[in-house]
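Right, one structure below, let's go through it.
Note that the chains take the letters A, B, C, D and E in the order they are written out, and that residue 1 is the start of every chain.
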């Protein structure tokens, strides 16, 4: 999985029928120093993530195990809202500090 | 999924039998600032996308869940025509503005 | 899928039993301007592609839907011989012009 | 699989139900000279790896064969703790030397 | 598939139970000029490849079709020992010349 930050939304009315009801968020990946990179994905949000939150993104066909994604052509999904990231015993991110 | 722009078509008469009837479009990926990148895919179009439209592309084996792609060796599919992309509460793209 | 050009062959006598009878071609990917890139794959050829022809290559587990690839550990396959590629209403490639 | 070094942890309370009980570790990939690269993954730890240990990481849908990952949307898993890596008959890494 | 050269071995005693008996080799990918690149994989060896031999590596979930890999969390496997690689009718590699 990759660590990413929620940046925005994609709206579409004309789409694959199986995408009905799926919220699509633009997430940008975070590098190992905590900085946002230009690399992004449009991911199905199954956990109710909010703008600027740090999230965990799973990609590829394992997303079929995400609740409600089983039969959808979704190749990326937000599977968790991150509380903390710790590297070498040092905090890199804490959700509490953002509030 | 990735955001891409429809750029053209690929035509083939001699192909895998299961590809019969599949429209193949060349799409170039769009970066996080809305610019087209050199990175492209040839994607099966299941939503009737037109030239220069912004679309959502799903890749890998999850494309098997796209209507009519189930038993086809297709590793990329256009699954939605994009209406709007919003980043940090600012509009990046609006289909209406293109008309 | 990606657009590629057939560059050569790989021959192996000692291999996975399920690879018997599979023709293995070296293909180099073509960029969005029609130029060959250094990026290559060794792909199973199921359509009888010839040297220097432009072909369509599918990668990943969707290749299991290629005729005769179902139970083979093949992660890339040539699924079509390309007749034409058109970008922004301009021809990028036409097989007829090569003959 | 890729060789990686365990760098830290990710904690999340609000997540996909199927992720309950999965320990999530941040691993950074090691290059062919033994140096850590900026490339990382958040991987499910099924072998009890410790900080700074060298581990083997498997990615993609094959992780469904990892014990206890079968029905989880996990696209990367630590599948082994590495004892030794030998390149061209020279030792690159030995776990014993780290203790 | 990708062309690679066998460079070394990875040994692990503490690992996923399903990895028992799988020989793990470090392979470095070869570019289109025949040179070794820094890009590597740790691949399951199912064909008995030796040090410095050129091999064919398959990645992703298609490795489940490799004999004895079916239920293992292996995302890369050596599926053939290469005899010859020919590019544009010129030999790039011949196993016989190495002996």
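One rule holds in what follows: a contact is a pair of C-beta atoms (placed from the backbone, for glycine too) under 8 Å apart; a residue touches a chain by one contact, two chains touch by 3 or more.
Going by UniProt, the chains are A, B, C, D, E = Carboxysome shell vertex protein CcmL.
None of these values were measured; they are calculated from a predicted model.
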Contacts common to chain A and chain E (chain labels):
D
Since chain A and chain B are copies that touch, is their contact same (over half of the numbers shared) or different (under half)?
different
Dist(centroid_CA(chain C), centroid_CA(chain E)) in Å evaluates to 21
I'd like to verify one number: the distance from the centre of chain C to the centre of chain D, where each centre is the average of its C-alpha atoms, in whole angstrom.
33
Where chain B touches two or more other chains simultaneously, the residues are 60-61, 63-64
So with touch defined the way it is at the top, what topology do the chains form here? Options are line, ring, star, complete, other.
ring
Order of chains around the ring, counting from chain C in the direction of chain E?
C, E, D, A, B
Which residues of chain E touch chain C in the complex?
1-3, 31-32, 46-48, 56, 58-67, 69, 77, 79-89, 92
What residues of chain C sit close enough to touch chain E in their complex?
7-19, 24, 26, 28, 38, 40-43, 51, 60-61, 63-64, 71-76
